[in-house]
Every structure is written in structure tokens, then in C-alpha cells.
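Once you scroll down, you'll see the structures, which are given as C-alpha cells.
Next come two complexes, and both contain chain A; in the first it sits with chain B, in the second with chain C.
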Partner chain A sequence: MAQLTSLTSRAALEAEARRRGEPDWLREFRLRAWDFALGLDLPSRTDEKWRRTDLTGLDLGRVNPEVPAGAPQEVPEAFAPMVGEGKTLVLRNGVAVRAPEGLPAGVIVTDLETAARQYPDLVQPYLMTQAVRPEESIFTALHAAFFRGGAFVYLPRGAQVEEPIQILTWADGPGAGLLGHTLVVAEEGASARVVEYWASPAMPEGTPHLGVVEILTGPGARIDYSGVQNWGPGVWSFTTRRTKVGRDATVNWLLAEFGGELVRSEQYTALDQEGGEGNLKVLFFASGNQHIDIVAEDLHYPTGRRTVGDIVGRGVLQDQSRVVFRGKGHIMRGAKGSTCFLRENALMLNRGCRADSIPSLFIDDDQVERAGHAATSGKIDEDELFYLMSRGLTRKQATRLIVEGFFKPILDTVELPALRRELESLVDRKLGL
Partner chain B sequence: MAREALDFLPSEYKYGFRDPEKYVFKARKGLDREVVEQISRMKGEPEWMREFRLKSLEIFFSKPLPTWGADLSQINFNDIYYYVKPTEKNARSWDEVPEEIKRTFDRLGIPEAERKFLAGVSAQYESEVVYHNIRKDLEEKGVIFMDMDSAVREHPDLVRQYFGTVVPPTDNKFAALNSAVWSGGSFIYVPPGVHVEIPLQAYFRINAQNMGQFERTLIIVDEGAFVHYVEGCTAPIYSTDSLHAAVVEIIVKRGARCRYTTIQNWSHNVYNLVTKRAVAYADATMEWVDGNIGSKVTMKYPAVYLMEPGARADIISVAFAGKGQHQDAGAKVLHLAPNTSSQITSKSICKDGGNTTYRGLVQVAKGATGCKVKVNCDALIFDDNSKTDTIPYMEIMEEDVAIEHEATVSKVSEEQLFYLMSRGISEQQATQMIVQGFIEPFTKELPMEYAVELNRLIELEMEGSVG
Partner chain C sequence: MTRLVKEHSFGRKGDGAVAERPVLTIKDLRVSVDGKPIVKGLDLEVKGGEIHALMGPNGSGKTTLSKAIAGHPRYTIDGGEVLLNGVNLLELSPDERARAGLFLAFQYPVEVPGVTVANFLRTALQAIRGEEIGVWEFQELLAEKMKLLEMDESFAGRYLNEGFSGGEKKRSEMLQMALLQPKIAILDETDSGLDVDALKVVGKTVNSMRGENFGALIITHYNRILKHIRPDVVHIMVDGRIIRTGGPELADLVEEKGYDWIRSQVA
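== the complex of A and B ==
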């Protein structure tokens, strides 16, 4: 694509990887991804999957893998309340500024660049090979070529991590902090809870963020994952997340999209092993002129007998914002005895916003255990507001209570108190409180 | 349920007989300006209609085939007869209908149905309406029910005012095609306050091979009036495919109500690509009752544009796809005014490798406050060669609304079957009872005779499905 030639050259990309001392396989991987990206164009609105998001003005030539000059290498102030809890990894502009201690034997929580050098046998087989692939889109291809920092969580067979693993990512400005990659690998029977938070101050309009999250689970493993996106205004965020659920394994994952200016957020639960279960919750709060385009899919592959997939989308819109929620449950031929359910609720706080939802079901096998979807959209119930106001609350306070109640089932899954307080205050800030 | 219980025999299509072709005129195959001008000349049309056709033809050529929905790549537009005239004139008495055509409609039970429970009948054979009748009392009240070609001649002002306003030729490729080569179809006008208590009916029959039928229907229900229009359709089975691309336009004025019932039972070699749309004004109600049993491929999404406060849309549909069939059907409702409401109920059944798709759109425009929307889509799947997709689009641009959407997909439950069989009912009967129960919300909206007929059709389609 033409824009990319302003970004770098193959030779420069190769030289940069060598300068950073990256292993050969990773350098080759980046170069393959770069070659692939050059042959791609930006998605067009004639493509049904991109029809509702206008990418005019997106300049991928602005992708920047550098660490901003003179950026401090310490925990950012915004994260100060949170670092005392859980097993915490903090990344600032793609550089690990704090690493967790006291992890059980064999468990690894570190930044991905370091992991690729130190544990190549554990990283190479999983990095963008099984869940998200570089060839999926121009965004994943460029991500593969340029990712920086990132987080690697590895749980060996049978490992149990009691305390939640917390990954906090901060970007001071355009640069390496907006190119993080999260790779979680849980071997057979392992289990952990992982929470992730991405945040930044306001950035120049149209600053691209290219993210990928991969969660891979072996037989009987269990991962509970929550990720909260709170990039500053101006960021155009493109993230692809996929979990590949092992035999009889469970992945409960939750994504919350709060920040950014234009957000394209794709998540896929891939169920290709018997008895796998994936429960996905997606939360959003769109305000101002935000445009949030969410894709959430459950894919029951032919080998995924007796798999369970569930998608809940829940969110609030206010001001002039627009949200697109494209949910999909696909039970392919052969995935017998599977269950697939989609639910979506949108709450609209004022006139002027727009919510599009497309909760599709594709069923190619007759032995479905259960498949369905339900969606509602509407405004805050005036009766509920009236009741609360008759108890002496202002309209704003009453609205806040109702919105918090709307989000509560999801906020309840965030068990670290400081992060939870941060999320609650995020909701309040959005409401102008 | 036992596997063998689902081995379907090829279902029998009882309307698959054909008559020898004896036409007074048959245009050559293929489509160009000359064919369109010939159709217009044969019909002795006014200049504006000829120009409308030619402009539409250009639009048809300029539009690509839809890239979504069913597979249309096998349609060969050059291998179709666009106009076939079976008789010299259309008859008002059954005796005047040419013998062979009369026999066809006799076999389909049309004259019998007319005597029993219809206020008027129109029968279209190939491109032209061959028989047409309406009860005297309705005619005296000013109700107009005639074929579209006659209406262009006899009611030019009324036709010109509304024709092509609800579905313009630019709407989609097949609406453009219809606008260029349309022939036949019904024209109905119901004057203010008149209630047509018993249904008006049209019956469409394709007989010739490689035939394209392009009827055009325009219904105007004036203030406070009511009409129920019923259409049925069949065709013989040929080895090559036929094309049916109709356009239906309906205007439901203030306080009026229109119900439009379709039992689509084309043979399994017909591409059925139909644009049906109604506009409903203040406190008016539009009801589409749409049954899709036949055809090879159907793409049809009956639409209602709710233009003024209090307007209401009710769309209820059932789709049945067997071997080699794709029913891509659904509904579209646009809420363009405050306090409008809509309800969409869709039931689909697939078996024996059939493919059903529900594709729907609900849009609430900015300013359309206080709207209520309820969508329910249920699908029943019989075997794992079959496929059922549900793709509802919801575009909500107003906060003061109540939108609900629900969908389920299920197989025929073994528990239900077991229960029924433990009561001494055979597996075949039990399966049929479950299917009939599943589509009951649809059949109960049909005139009784049609409900019986539909159940019989489904029984026929299900026959041999259980060992």
C-alpha cells in the first residue's frame, strides 16, 4: 500500500530488528509480514464488514514503532493506585518499567520482546501462528511487522496462579506504546486470571493504534481475562483479539471499549476442540464524537463438538456517538451438540447518537443444543428515573445509578479493587460527573 | 430422532404439469431496446410509459448483480423470453378463457375458489392477465380491480401519479428489470371508507420454458379503507430455469389498512426475485403475510415505510427450503415518523440440504421518537446438510424507542417427538404436528382455505421425511 512506503523500507526494518538484537526467526517473521502488508489496501466501504466505518483520513504511514525520546522509565502516575495489587507488569511506551515477583515455578509474566529472546521455544510456536495471523488484514500484518513491548504470560502444565495477573500499558504519545501485543498461553490444566488496562493522554487526531491479543488454552485449562481500553482522544484504535479454546477448556473473557476516537475492535472465540467453552462479554461506553465498531464472533468449527459459546454485548451511547455491534454465532457442520447464544443491549442516553446492531446466527448443523440471539435498544426507563428522583436524587445522579447498574454484572468480574475504582470513575467521567 | 427417520424422498410438486405452447405472440429471447419497444408497442402504451421502460432498461444494464444473498450467477439474462402473449384479450367470463388455459386454472382450483370465497379474481398466464372478474357490488362502490395494463389505459391519471413512486427503477437491479419489461399484475384502488370484506385474489402461472414473468402490482388504499389481497403462483418443472421478478407497490393512506398475502409455490426451477414495498401514512396499517414454499432461489424482503405518526407494520413470514432450494427472505421496516410501531415474525424450516436465510432491516430515523419494534425469528433445522442463517440489521438513530429482537434455532426435539409417539402417534404424524405447531402463528393469519392448503403443501413436502 502506497502510504506504507513513507513508513520504512524492508532494509530499514531488518536493520532495526538486528539493532534491537531480535532472534532471527522474529526478524524473518516481521519481514514476511511487511512484504505481505505492502500488497494490501485499506478495507473499502464496499466490503460489507467495513460498510459502517469510514476510514477516510487514516494514514498508516503514521504508525510509529519508536520509543518517544526522553520518556520517563517509571510507573506512570495514572497507574500509581493500581500497581500495589495483583502480580503486575507495567509497560510504558513499550518498555517494561515494573515486573511481577513471586510467581509460581515455571510461570512467566514478562514483556514479549524480552520473552522472544529468552524463551524462543515458548514464544515462536504461538506468536501469531494459531490464533491471530498476520495475513488476516492490513492491520494485523502491520502489527506483526512493528509490534513493540507487549506482554507474554505463560502457564506451564497444571500451574495455578492465585492472585490476578495485571498488565498495565501506558503510551505517553504516538510511538511504541501503541503497538503492544498480548500473548497468553495456558498449558493443560493451568488456570489464571489476567486483567489488562490500556491508557494514554490525548493524542493528535488520527494517531493509529494497532493491537493484537491472543489467548491459547490447552486441554482443561481455564483463563479469565478482562481488558479495558481507555486510549486518549485522537487515537484511532484497531485491535484483533482471538482465543483458541482447548479440549474441555474454558475462557471467560471481557473487553471494555471506552477510549479512542475511532475504534475497530474485533474479537473471536475459536472453538475447535470438543467440550471447549468460551464466554465473551463486550462492554462499551461511547460519548462525544466517538465511533466504536465492534465485531464479536463465536466460531464453532466442525471438530468442536459439544462446544459452548456465549456473547453478551452491553453498552451506553451518549452525545453524538455512534456504535456498530456486529455479533455472530456460527455452528459449522459437524459441531454437534453445541450451544451458541448472543445477547445485546444498548442504552441511549440522549438524542443524536446512533446504534447499529447486527446479531447474526449461522447454523449448518441440525444437532444444535441451543442457538439464539436477543437484542434490545432503547433509552433509560423514565419510570426508573422518576422513582430515583422522587427519593431526592438529581437527574444526573439517578442516571449514574442506572448506568452503573447496567454495567454492574460486568464490573463485578473485575476483582482488583483499584482497577475497579478506576473503571467506575471512568464511567463517571464519561457521564460528566 | 433416528437418522433414517429423516431420509426424505424427493417431494412431489403437484403443479408440475405443463400445457403445449400455443401463443399469439412470443418475443424473441434476450433483452435489448428493441424487445422493450416491441412490448410497449404491442400494448399500445402512452409515450411516458415507453420512456419509463427504456430509462429503466439502461438502469438495469448499469447495475451489477447483488454481491450478497443467494447465488444468482447461474441466471442467463440472454436465454429468457421476456414477453409471451397467450391470448388476444382478457376475459371477464370464465367461458371466454381459451380451453387449454382454462383447464390449467381448473386444475389449480381457481374458479372453484372464486365461487366459494373471493370477491374478485385475476388470473395471469405467462405475461398477460387472461381472466379477470370482480363482484358487481364492489364495482358499484368504486373499487377498481383490474390488470395493470388495462389500468394504464383506463385510469391513466391515477396510475401515473403513483406508478414507480414506491419502488423506483433505481432501487435495485431486478426492480429496474421489471420496470423495463413489466407486463400484467394487478391494479387495485379502494375509495375512502370502503371495506372490501372478502379477499381479492390473483393467480400467477408460468407455463413456457425459459420464461420470465414480470408482473407489476399497484395498490392504493384510500383513507379509512380496507382491502385484503391474496396471490398464489405455480409453474411447471423444466430442466432450465425461469425467472420471476415482480414489483409490488402499495400506498396505504391515513387510517386505512391493507393486508397482502402471498403463498409462493413456484416449482423448484424458478428464480424468484421480488421487490415488495408499502408506504403507510398516519394511523394506517400494512400487513404482509408472506409464505415461501417453492422456487429454486427466492430473494424477497417485504418492506414498509412508516411515513406518519401512528402508522403500523406487521410482517409475518414462513419459509420452507428443501433440496436445492435457498429461501433468502425477510422484512424491512423504516420508522420515519414518531409513534410508529412494527412487528416482524419469521419462521423458517430447512431440510434435505435446503438453505434458509432471514435477512431483515429495522431502521429508526432521527426524530422518530416513541417507536416500538418487536422482531422474532425462529428456525427449525432437520438435518446437517441444511443451513439456516439469521442476519438482522438494526439501525437506531433515536433514543426514545423500544426495540426488541429475539431469535432461536432448534432441531425437532426428541422429547416432543417421544411424548407424541408415546401417545400412539406415528413418528411421521408427530413430526408434522410439530412443524404445523411451529408455523401456526403464520397459518392462523391466512383465510381458512389457504391455511388448509398450506398445511397440505407442507405435508406434501414433508412426506417420506419420516421412515
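== the complex of A and C ==
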């Protein structure tokens, strides 16, 4: 396939894995994924799921697993205010430059490459085997072949981590920093809050990012995960995230797509165990010429009786930006007593931007507890603006307050003050304040 | 019409007042909504130290008048002037009008999810005063006003008007007015849907602000509220015009005989 010709050869991929001392299983895993990717084409717009996103100009040959030459190996300045809080892992260009201390016994928070060497029994059974698989798409296949750095969070049975675990990922330029993989594994009854933030400066137009996030929970476990994507302009970001929710386990996950130029962001809540609950919130703020294409699905498998799935998509658009939000809930035959809700809400700050909301609900079982969907998108409310302006606020100040209010319920889940301030200022910067 | 108003403009002694005594002057104001004339040539003058009541039946144009004065974009000005101390408000944006000293208490305050009352009020107060206000200074000021309005402290942390009862929304409007200290306030049916206790609170707030530097126009359908706020002047508005102006006794007359009777007297 033409797009891959400028990528490294199979032999080079193998040599690089050996040079880095990766375990045999991981090297074999990468090579299988590579072979698989060679047989795939880029998605075409004739595929309904890709109809609204034009990939013309995408060159996956630019996927580059190298650390930029001369890149510093210290906490980037942009993260300085945040590292003092929570249990923090910092990855710069795929290299861990700061590791958390004082974790409870048995809890692991480290970069994924180190984890694969040190804890193969904990990594191999979970890495792209149960949640996201290499064969899903050309993006996940290439990701499997080339991922670098990344984060591994492991919570043994019953472990409780009180302080939030914070994973900060920075990329100085095209390369290893845009190939991170996050793997969170919570064994039976374990619980933690995980906050992840990806950021970079501006990059050359069309610089690809291939990301995967996997969250696996055992029976009765609970994970609260927040992930914020804030790549610089120029980045074309392709991320696939999936959580597999255990019996009576709960995953509350919140994702925010703020950065990048062209963004395809897919998230799936897989509910195949009785009593599992997955609550997904996806936020976006599109500005300039950004194109953000979001897929969010709840999948209630036949074995997922009494499962609860909830999707909330919320976001703001301005300038010439475009957002596609494709929410889907699917209760399959057998998933009796399940609940599934979808809500989507887009706020357009000016003419010229466009939001397409495409909700769908498939119910194949006749004993569903509750299910429904609602989608709204509209211009900013003139009465709301007038009310605030009648109290002396300029149009800009009033808009800022409304937008901040729009994101507040989500920001409230980010407990670490420095990261929260960063996200608030991100919203303000987008608004041009 | 203007002449009549002036006869009743009995302001209090205001010698030595620091600020200029405010005057809101409305001259031959004409307003339409979606091409339909609603306010059809209205004259009115409210000065600092005065409380005016504007009474009228439903559909007489009272709310249109208040929204137009505050600058809502849906209301088209077809003619006339609205001056606050000589400045033509009609040439200003809604926020500039507020900063010039105008306040409108909404009949239906808008819900703003995710924005706390405290955050909003501090932003608004800073906008009105044109200066930073320290968090502590603001908290003190807010606590003082909330005490006046008999409001629970938790109110400040709630999202603006979201899930508020009718009474709470009106209290929230009064809190905003007490804090922002406008020169001229228009209360658009603030009394509608309020119980006696809430009415007393509205009365107390307005009465606490009475003075040379504050004038108010109280728009109402009934004279209930006027038992708590004694107006100096009462205007009757019917079909987009003020058809009669008098003292507080006019409100009692409305109560006793109804708008139709007054209309028949004028006609």
C-alpha cells in the first residue's frame, strides 16, 4: 500500500525493537501488526463512518517513532505548574522524565515500554488483546507496530489510590511523542482516578498522531478517567479508546478534544458483563479551521445484562470549524434490563461553523430498562447574552461566561487545581481572551 | 404628557449630593416587534429620588418598553429618544447602558447553567465599576446584600437562575440590583407570582435604595407591590401609550374600578 512506502521496513522495525531490548512477544506483536497494516487501505469516504471526514493529503508515511534529535529529557515548562500535584507521570517524546512516588503497594504507574520489560505477565495479556485490537483499522494496526512510551497503570485487587494519578504527555515535534499508548488495568474491587493530558506546540501541517487508550476493569472495580487532547495546530490526530467494563464495575470517562487540526476520535464502552456501568462524556471546542470527527458508542453485548451506558457529547464551535458527532447506543439481544442514553449538545458561537449530530440507537432485546437519545445544536442564545449584557458585561465577556458555564460540569471532574487552571485558560485562549 | 409628569416630580432635597442626580427621560418613544407597533409614542421622566409605577393591562406594551430601554435586539426603535442624564441610551449597546447606570429586573430571568451567582455578580460588578474587585472585598459586599434580602449563603454557589423557583429568581434580580447600585432601575413585573414574604423583600430592597441618586420605574399589573413600595407617581399605560398620570391614589383607583373604567374616562 502506497501510503506506507516511506515508512521504515519490516527489517528496520525488527532491528529497532531488538536494539531497544523489547521482549520477544512484544517484537512479534509489532511485526504481526505491521504485516496486517500493509494489507489495509485508508478509510474511504464511501464508508458511511468516514463520509464526513476527508483524509486527502494524509500521509501515514510520516508516522515516525523516533525521538526528535536533541530533545530535552526534563519536565517541559508547560507542565511545571502541574507536576507538584497528584501522582504524576510525565512523558516527553515517549520518554518518561518523571515518575510518581509513594504509590500504594502493588500499584504500578510507569511508561508502557518499561512495563513491558519489567511486568510482562501484567502487560502482555491486556495490551491490545481485550479492548482495542490492532486489526480494527489501519490506525490501530500502525499504532501497534510503532507505539512508543505510553503509560501503564495497574491496580491490583482491592487497591485504592486516593490521590488522582496524573499522566502528562508532551511532544516537542513529530516523532515518538505522538505515538503514546495508555493501558489502565484495574483488578477486582480496585479504584482510582486517572487524569491524562496531551499537549504539544504547533507542528507541520498533517503531522500524524496515532493514539490508543484502553481501560480494563475487573469485577466491582471503578475507574474515573479524564483525558484531554490538546495537540498543537497542524497535527492530524487519530485516537481509538475503548473501555471494557467488568461485572458490576463502573467506568466514568470524560474526554476532551481541544487541539489538533484534523481530529478523528473514537471511543467505545464495551459492556459484556452483568451489571457493568459506563458513563462517557465527550467534550470539544473547535475553532479556526479545525475539523473534529467524534465517534462515541455504547455496546451492550448479549452477555451484558443489566448494564448501564450513558453518552453525553457537549461542545462549542466557532470560526470556520466543523464537528461531526456520531453517538450510538446498541443493546444487543440478550442484554436484558439494560439502560442506554445518548445526549448531544453543540453550541455555535458564530455563522460559518457547522456541527453535524448523528445519534442512533439500536435495540435488539425486548426487555430494555430505559433507552433514549436527544441531540441539539444551535447558536448561542441571544436572550442569555442580552441578560448578561444588561448587567454590564460586554458581548465577549458574556460569551466567555456562557462557554465557561457550558464546560463547567466537566471541568469540575478535574480535581487537580493546576490542570484545571490549564484547561480553563485553554478555553479562554480559544475564545481569544 | 410630559407636563403632567413634571407636576409630580417632587424629588427630595438633594443639596450636597456627590453624584449628579440621575434623570431618565423618554420622549415620544415608538417601538415595534416583528414589524408590529407596540409602544406608540410614550413620554416619561424618572428622576433620582422618585419611584414611579407604570401600570397597565396585559398586552399594553409594558414589557416591550422595558426591553427596548435596556436594548434587546429583538425590539425595533421606530422613533423617539431615551436619555439618561442627557446621554442617548438608544445609541448604546445593552452593556453600555448598564454601565451608564441603567438596570432592568427581568420578568423572566434567564437561566445560565454552569455560571455561579457569585462568579457572575463579581464579573458584573467589575464591569459596572470598571475596576478589579478583590475576592474578599466582594465576598463581604455580597454577604451584606444577601443578608438584606434574607437569602441563604448557599445561594451564591448555585448556578445563575438554574432550577430557581419563581420567588428565588426574583430575589436573585433584587440581589443584583442591590449590588450593582444602578442610577435608574426598571422592575418589570417583579411582583408577579410572588408570595407576601417575597413581596416584602422586594419592597425592602427598593426602599433601602431610595435616595437622590436612585430612581425606579416599577412596572406592574396589580397594585399589590405598591403597598410595599409607595410610588411618588403612577402612570397608566394602555395600548402603547400613557393615558393617565397621577399620584399614588391612581393605583387605588385602578384596583377599585379596573383599567376599562380608566380608559373610558380618558376617551
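By definition in this document, the second predicted complex is superposed on the first by the 433 of 433 C-alpha atoms of A that agree within 3 Å, B and C clash if a C-alpha of one lies under 4 Å from a C-alpha of the other, contacts with A are read in each partner's own complex, and residues count from 1 in each chain.
In the analysis below, contacts are C-beta pairs under 8 Å (C-beta built on N, C-alpha and C of every residue); 3 or more make two chains touch, one makes a residue touch a chain.
Every value quoted in this text rests on a predicted model; they were computed, and no experiment measured them.
In the superposed pair of complexes, A:360 makes contact with chain B only, with no contact to chain C.
Contact with neither chain B nor chain C is seen for A:118 once the two complexes are overlaid on the shared chain.
In the superposition on chain A, contact of A:372 is made with chain B only, not with chain C. Of the two partner chains, chain B is the only one that A:351 touches; chain C does not reach it. In the superposition on chain A, contact of A:129 is made with neither chain B nor chain C. Comparing chain B with chain C, more residues of chain A are touched by B.
In the superposition on chain A, contact is made by A:383 with chain C only, not with chain B.
Those residues of chain A that touch chain B in the complex are listed here as 48, 317, 333-334, 336, 346, 348-368, 370-379. Put simply, chain A touches chain C in their complex at residues 381-384, 386-395, 397-398, 401-402, 404-409. Interface of chain B with chain A (complex): residues 68, 366, 379, 381-411. Within the complex, the chain C residues that touch chain A are 70-74, 93-95, 97-99, 103-104, 106, 109-110, 112-115, 119-120, 123-124, 127-128, 159, 176, 180.
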